[in-house]
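We just call them A, B, C and D in the order they show up, numbering each chain from 1.
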Amino acid sequence: MKTELSDRTEISVRFNEADPLGIVWHGHYVRYFEDGREAFGQKYGIGYLDFYAKGIVVPVVNIHCDFKRSLRYGERVVVETIYHPCEAAKMKFEYKLYNAETGILVATGASTQVFLDKETSALQLTNPPYFEEWKARMGFSK
Amino acid sequence: MKTELSDRTEISVRFNEADPLGIVWHGHYVRYFEDGREAFGQKYGIGYLDFYAKGIVVPVVNIHCDFKRSLRYGERVVVETIYHPCEAAKMKFEYKLYNAETGILVATGASTQVFLDKETSALQLTNPPYFEEWKARMGFSK
Amino acid sequence: MKTELSDRTEISVRFNEADPLGIVWHGHYVRYFEDGREAFGQKYGIGYLDFYAKGIVVPVVNIHCDFKRSLRYGERVVVETIYHPCEAAKMKFEYKLYNAETGILVATGASTQVFLDKETSALQLTNPPYFEEWKARMGFSK
Amino acid sequence: MKTELSDRTEISVRFNEADPLGIVWHGHYVRYFEDGREAFGQKYGIGYLDFYAKGIVVPVVNIHCDFKRSLRYGERVVVETIYHPCEAAKMKFEYKLYNAETGILVATGASTQVFLDKETSALQLTNPPYFEEWKARMGFSK
């Protein structure tokens, strides 16, 4: 039985993302996580717009990041985005960022999203049918 | 007869706005212009949300910036926002950014906004009544 | 004996910080935390540039945020930044964001910073003298 | 004799770049221009880091953008970056942004950069040798 699902995508560090120390400002990693989630969503058919078309929005309710190495302008980053299934009506992702050239782990992180009705903003206490079907299709038992 | 109307507001350069050269990345000046427009709008009752409440959105259709001096993290900036009336159904602002401590001019700029119907996105070819009234109230003849 | 030190500063939600759902994009909260740290640093003489003048840089090594309520363009936010002393050579801050009008808690967070030598980037395993003096001056016993 | 040199690169509109109206906030186009310049620089060997290795920094001294159509989250954008040679010690780029799917022109723009000595920040009144050689190699007569 599958216990996780992952995607790897590669991005470039932009000049405007580096700070006066020459390294990527820590807040931009949240953007990299979103780039990872976006690539994951496109690959597995579970993107933000897929949910939106079903009347659901999926706001981030918590985020965490551990910064291990710095990144510099011109470097390329591999963003590994790992979906971990859970029983609650939540969507949990783990992130691992690597320096694309050296393979060194530069940061790890995690985020949790919940499901809200697009019109009423009501929190969904059970998984939306669309998400349940997706989990089954991907081979997850819970 | 009045020919312009202006506001001055002061902002701080954030650490995360400076680039690897230690100076503010040029793209952030567009943000400073918006801070200026925001302060102008609050002072004179013509903010983005004032328009929105009247069913109008006011997108920027062009922007220009001349960078004369650099700005560094920790410095404070005076944003002078100057409204120039025109006969067309447009809203034109000029911007002057000064180093707050030295008074030196660091950048100048300009922007043009148009009026769209919030629901249909249709371009308004004449000034919305709300804006006409505002111009009259401010003492502009055109 | 003092066990924490805090500052409250107020900021405005910018138009360009809200996303297509009309609410502040979650990544911008990291910026609000930095605004809070900046205000704290200015108030108590322990800002980024104070450290830098002593040859020390203080990168963020982890960050966490729990999003409880949404923020919208035009709203004002109180950022409460709380310093918690610890024995390790680290600087730990806690953040509480409130809707300035309603007083409702909208987010909580935390960050950890370490001390690096500005020239060599070497991690400082004990607190820099400058920071020890600051802690003593502020009335912290550890 | 060649009179211009261009590159086309494709980027995606990020969720966090769209504003409460659902369209890309105008300030982000300056970022797209930089993405275009970056792709141009990598293709033709005249990137920011190429200059930097020669002791030169190339700050943007003016920028202009005309916004013609809106862009939405999920859309892809073709950034066409066109170098126009000039006799002055400046580097001028023109930008054309197209909706990648429809081919419709969504924005045009322009920027000017100058050459500064990396150490002294002194403005270079003549083209740096590195840039002269590049122009000759690319087939430009002036």
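Just so we're on the same page, a contact is a pair of C-beta atoms (placed from the backbone, for glycine too) under 8 Å apart; a residue touches a chain by one contact, two chains touch by 3 or more.
Because the structure is predicted, anything quoted here is derived from the model rather than measured.
Asks: For the chain pairs A-C and A-D, which is connected through the larger number of C-beta pairs in contact?
Replies: A-C is joined by more C-beta pairs in contact.
Asks: Farthest from subunit C in C-alpha centre terms, which chain would that be?
Replies: If we average the C-alpha coordinates per chain, D ends up farthest from subunit C.
Asks: Roughly how far is subunit A from subunit D, going centre to centre by Cα mean, in whole Å?
Replies: Inter-chain centre distance comes to 30 Å.
Asks: Quick check: how many Å separate the C-alpha centres of subunit A and subunit B?
Replies: Result: the chain centres lie 35 Å from each other.
Asks: Between subunit A and subunit C, what is the separation of their C-alpha centroids in Å?
Replies: 25
Asks: For subunit A, which residues are shared contacts with two or more other chains?
Replies: Those would be 15-16, 21, 27, 31, 34, 73.
Asks: In the complex formed with subunit D, which residues of subunit A make contact?
Replies: That would be residues 12, 14-16, 31, 34-35, 38, 48-49, 73-74 of subunit A.
Asks: Which residues of subunit C touch subunit D in the complex?
Replies: 15-16, 18-22, 25, 27, 73
Asks: Okay, in this complex, where on subunit B does subunit D touch?
Replies: Contact set of subunit B toward subunit D: 21, 23, 26-27, 30-31, 34, 57, 59-67, 70.
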